[in-house]
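Shared chain: chain A. Partners: chain B in the first complex, chain C in the second.
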Partner chain A sequence: MKRLLATAAIAALLAGGSTVQAEELVLGEIHPITGPASFYGLVMSQTLKMNAEQANAAGGIDIGGKKYQISIDTGDDQAQATKGVAAFRKLLADNVHFVIGPLASAVAPAIKPVIDARPDVLQIIDGSIADGVVNGKNSFRVQADADTYNDAAIDYLKSKGIKSSAILTDRGHQGFRMSEQRMMKSLKNAGVNIAAQEYFQMGDTDFSAQITKLAASQSEALILRGYPGEGALITKQAQQLGYKGQIVWEMGAPPSTVMKNIPATQMDGVVNCIPRMMADYIRLNVPNAIKVADAFHARYGKDAGENAAFSNDAFWILTTAMQKAGGVEPGKVAAVLKDLKVTDVPNLIIQYKPQENGLLFKNGQAHPPSACQIWHGENWASLPGDHLDLTTKN
Partner chain B sequence: MRREAIMRWLLPVIILVIALAAVPFANDYILYVLTIAVLMSTLAVSYDVLLGLTGYLSLAHGFLYGVGAYTAAYLTTNSGWNFWLAMLAAALMSALIGAIVALVAFRTKGIYFAVLTLGIGLVGFQFFLVLEPLTGGVGGFVGIPGIPSLPGLADDPSRNNLVVAIVLLAVTYFAALVFLRSSIGAACLAVREDVTLAQSLGIRVGTARLAAFTFSSAFAGAAGAVFAAISNFVGPDDFSVMATGFQVVVFVVIGGMGTLWGPILGAFLVVCLPEVLRGAATYSVAIYGILLLFFILFAPKGIAGAVLALRRLLPARPASVTQTARHSEAR
Partner chain C sequence: MIELLPQQLVNGLALGSSYALIALGLTLVFGVLQIPNFPHGELYMLGASFTYVLVGYGVNFWLAVPIASLGVVLVGILLDQVGYRRIDRGGNLSLMIAALAMSTVLQQVATLLWGAEPHTTRTPFTGILRTPYFSIGIYQIVIFAAALLCWLFVWLVLHRSRLGLAIRAMAQNRTAALLMGIELTWVRIATFAIGALIGGIAGSLLGAAFPIYPTMGLNPVLKAFVILVIGGVGNLWGAIVGGFLLGILEILVAGYISSQLQDIGTFAILVVVLIIRPNGLFGRAEVLR
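Let's look at the complex of A and B:
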């Protein structure tokens, strides 16, 4: 769990000759660093490493009267289940007891049996929205669940008085597929008729058959659930095939990825309903978001990606819980997480909706707020009247 | 030929000894990687019986592996079957479906056979996705019971899993050897060399090919059952054509087709290499690709071919002292 640094003497010298002894605390992370999902995962990994560097530069994290230097042990799951299990077991073999991740919904259910069997391991999921992967005992999630995505889109349709919608879903997206029945029920309850429903697969490039069928339903809206590469291509082809309804996305969609697949002008008016992500918080001038974005740019020379906020928050939630627990015993830290309040944690970017009694987690699940943005120019913009209540320390 | 026969027995024994020797010392991660490598070796050996012996390139093997995994998962989780019985049922189910696939697919040959089995692999993958009550759909099948403990390994499921995987590989390997030496195995080789000639010699080509495909499917199914039990979870992604379907071809081509022992080396290389390269994750895919290119360009007969060629390069053993002595004694 912790390794005594061989270089503790150097730290003592740097501390002005005092006899401060730093210990190393290794936090594991499991994200796709290589492979097709690395454009999400690499940023998450870099955010965690930057967080650790910042904490260490400030003298380390004080836990139970001891200063800990944090290091990040990276497990590359390539967004594949078997590789994810291997990466996760490697972290455990390295004596890591705290793990942040995974991102991929293919990996989270695959490692869950191992997590459930290991009470000496504590996991905070910062990416996957798959159903049933959080137990609230030793696994927690700061990322939203799939229902948060769906509800945001449904709220938008209601607010616009839209009465019928077609739905096009990535067949391989576990979070969206597993929440499908619940979404249908919510749409019906909201008075929205499901005009047609179709599927596609990640990597598809021709969607004309599905779009033709969906367009024939003459729905007022088309909800796209999946990843931004396909989302952009579907939007482009829908316009080419004459679809006139409102297109509503449910996907984390960095503008750079969007514009690789569709001219920016063709995106005008497309709405994206998702949990608020990094770009939202920057746009809404949340101080912690701006601070992290600036630091990320200075450190890596590029903008922080959409999921950086979740990884950043997972890091500070975990270390705050350790401080409150007064030690690094996973069971004690998990007990603190259950009682942790939204206002307890510094440096949070996401403005979580407090659960009962102001708690951050309910049954292991945090509640990040969602919102819809509209594409304007070359970026997403807030819808008129959008506002954000700050719920955390900023 | 004699060298190859020696390798056919010697290499598996060496691997078995190394794997078993590593069992007491390896941590959970190494045990898991070894277990997956051994399971993939089982898949590779079973596939070599089809590709190596008959020359037919099937891309439906990942699907048949999945059939075994889902069959065992369903029987142990929902029907309360004992794992060993479920594994047997999984092997039989895969064999049955494999036989049906074979009856359809062997109406074609060459590239058409490959494309047809590619289609079957793709359709099978879609079945895993849409047959949600049986397979769990895209969310996968969760809560699968683990493998029952072998004597002395009750407290150590990781070692238990590895030992069971090794036993399955050994059974598959020796069954494949028996198959190879049987009259059907000989018929398969004849089919590979020249179908028309084999037919003209009165060899029942259809029976030989069907037997090879069914044999191959049965052991793929058994491997799938073990995979399901050690993972406690199966999702469709592991059985797609792009995942196991192509990977098993790579195991056999890199290892050395038709040797049975070569594909074991191929599977170990392909499974273990990315793990060894985890430290250089950014470059691991490139290194992996370069190695694949190397084998295809410079060692087209695979690792097995390279090993045998190296042995041929070794200077012929001079008349040994023992032989000279024996000769003198005889005089």
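Let's look at the complex of A and C:
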């Protein structure tokens, strides 16, 4: 027995001495992996895992002369505040200090107090558009804020000379609810009369009461603010109930998700005004977008979803900041993030508008550009004259 | 606003028919066996998912509906035999915990089989009936008719067959029914089979109108329990009337008060009915001697 133990000990020593073990760096993520918003969250999670696999396959990420193998610790928030807080606390219990997410605007405000109280944790939000969730100290956001969504829709109404609009909002969507008053003000300033305003809730399947009222208002446009599952059902029911105006969405809406809820022909002419997303960058031939889309397809056998671009960018922004900080101490990494320039980060898909001095973040918020697309056939298509300026390394 | 009333009432009937269809199967199981069958929502989900799979394999939708519903019947019977029968004497708390556990298990199995992402079976009818007063989708009329046909089917089984007589006897007084030689095992299998069949039909039909995902049954089953209280537990007509009533009420609250109060309307009526008629609109008070 003693001989066996001695042999094992020597073998272990030899094994330890013969290779340089890379350290493990755990990045946490909070996304809806199950539930009605999983079509967003699953792809975001898969993008992060794919990026980690690619980095690990290349020998790991070199931070301060040390190679780190990245692993992703996933928290499933099901796009619900209570589950998000529980998932976040579980990540903290796992001793995770870097978190990417959440997606859901209901979740980000719920975990904010915990983030604020934990300077040893650094968060990059890749989905939520809720107000006040970014502090620029230890929480940053690569997703746009709600105003970017609203302004894109208002600009579209202005460009088409539309003078009245009805609005239907997901009442559980913190980002849209919080920005409501600002949107009303912007609409009035743009000379657009708000003909009617109604609400629904994620998971609802019947919107007939609201649509009947909105249709009676005879507004020239109907702005839908929420998620695409409900957006598609509302669009279908609006046509059924005889609504004749222009339907304008404000939601990340992968065509595959849209067509699961509405026949493609019923979507013709619907306009979606949002920050540019994955499919947009692929359509506009951004090299990093095409590279990630190809890798994603090879890895998972399906197309990368709309929000993959945000998660991809959050991963590379975070790891680049760690490399520049020369360590994995959250405070130092956060300090680097504040001074990070748009052109500093490799592999970015989103063509962020540079802030003053070319910085990526201002008060913790990055600025992805927005645009409107129109549904044509079985996909979103660019509106005539749409163009994009490359601002990042591609 | 009053000119919108015909349309809002039709909207309410359309919504109510989907509620009634789901509540019908639940009220039968609850009324006869006193089991709070929370997994009825998952049976509804399985009906939708089975139909989705069958249609995906090229089976005609109208053929897929009965096949999927029969599949759900098997799951329903299995649910009873594995989950409830052995703890039947364990008390209401045990049954409730078992029901919640099976609900979760079925959701997880569905997630493993079909993933968490929502999907939809293509609606077989996309036509719209337009009149000067209201518009309604043809498929909504089909669902409305299905709710009434399912009610008629269950009523005929309960009131025009020996099996129905046994089920009603068991619902009225289990001990007396057993003393009369009624076989409990077959009554509960039949009750679960009929309840699951209706749940399966509801899922098959409504899955062509709404997104299908593993947790899609949670909200409808909660509404179905509200309908049970409104209509009276175990009362078929109560399930139908309660479903329509709830649908119309929700629509009127959203249409005439505020769409932010739609769900509050649901639970307000629940409280009102509990105060005024604790046994439901069609339920009968029991006298204990």
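As a convention for this text, the second predicted complex is superposed on the first by the 373 of 394 C-alpha atoms of A that agree within 3 Å, B and C clash if a C-alpha of one lies under 4 Å from a C-alpha of the other, contacts with A are read in each partner's own complex, and residues count from 1 in each chain.
Heads up, the rule we're going with is that a contact is a pair of C-beta atoms (placed from the backbone, for glycine too) under 8 Å apart; a residue touches a chain by one contact, two chains touch by 3 or more.
Since the model is a prediction, treat every value here as computed from it, not as a measurement.
For the composite obtained by superposing both complexes on chain A, the positions of chain B and chain C are in clash. In the superposition on chain A, A:Gly191 contacts neither chain B nor chain C.
With both structures placed on the common chain, the touch criterion links A:Gly269 to neither chain B nor chain C. By the touch criterion defined above, A:Thr34 reaches both chain B and chain C. Of the two partner chains, chain B is the only one touched by A:Gly132; chain C is not.
Of the two partner chains placed around the shared chain by superposition, chain C is the only one that A:Ala209 touches, whereas chain B remains out of contact.
Applying the stated contact rule after C-alpha superposition, one finds that A:Gln80 touches chain B and leaves chain C untouched.
In the superposed model, A:Pro113 lies in contact with chain B only, and not with chain C.
Of the two partner chains placed around the shared chain by superposition, chain B and chain C are both touched by A:Arg171.
After superposition on chain A, the chain C segment that clashes with chain B is 80-88; the remaining candidates among 62-70, 80-88 or 242-250 show no clashing C-alpha atoms.
For the contact definition in use here, the residues of chain A common to its chain B contact set and its chain C contact set are 33-35, 171.
Touching chain B in their complex are the following residues of chain A: 33-35, 74, 76, 80-83, 85-87, 89-90, 92-93, 106, 109-110, 112-113, 130-132, 171-174, 177-178. Touching chain A in their complex are the following residues of chain B: 27-30, 32-33, 36, 129, 137-140, 142-143, 231-233, 235-238, 243, 274-275, 278, 281-282, 284-285. Those residues of chain A that touch chain C in the complex are listed here as 33-36, 38-39, 42, 171, 198-201, 203, 205-206, 208-210, 212-213, 216, 229, 233, 240-242, 257, 260-261, 263. Here chain C touches chain A in the complex through residues 3-4, 7-8, 11, 14-15, 18, 111, 115-120, 122-123, 126, 128, 130, 135-137, 209-211, 213-215, 219, 250-255, 258-260, 262-263, going by the rule given at the top.
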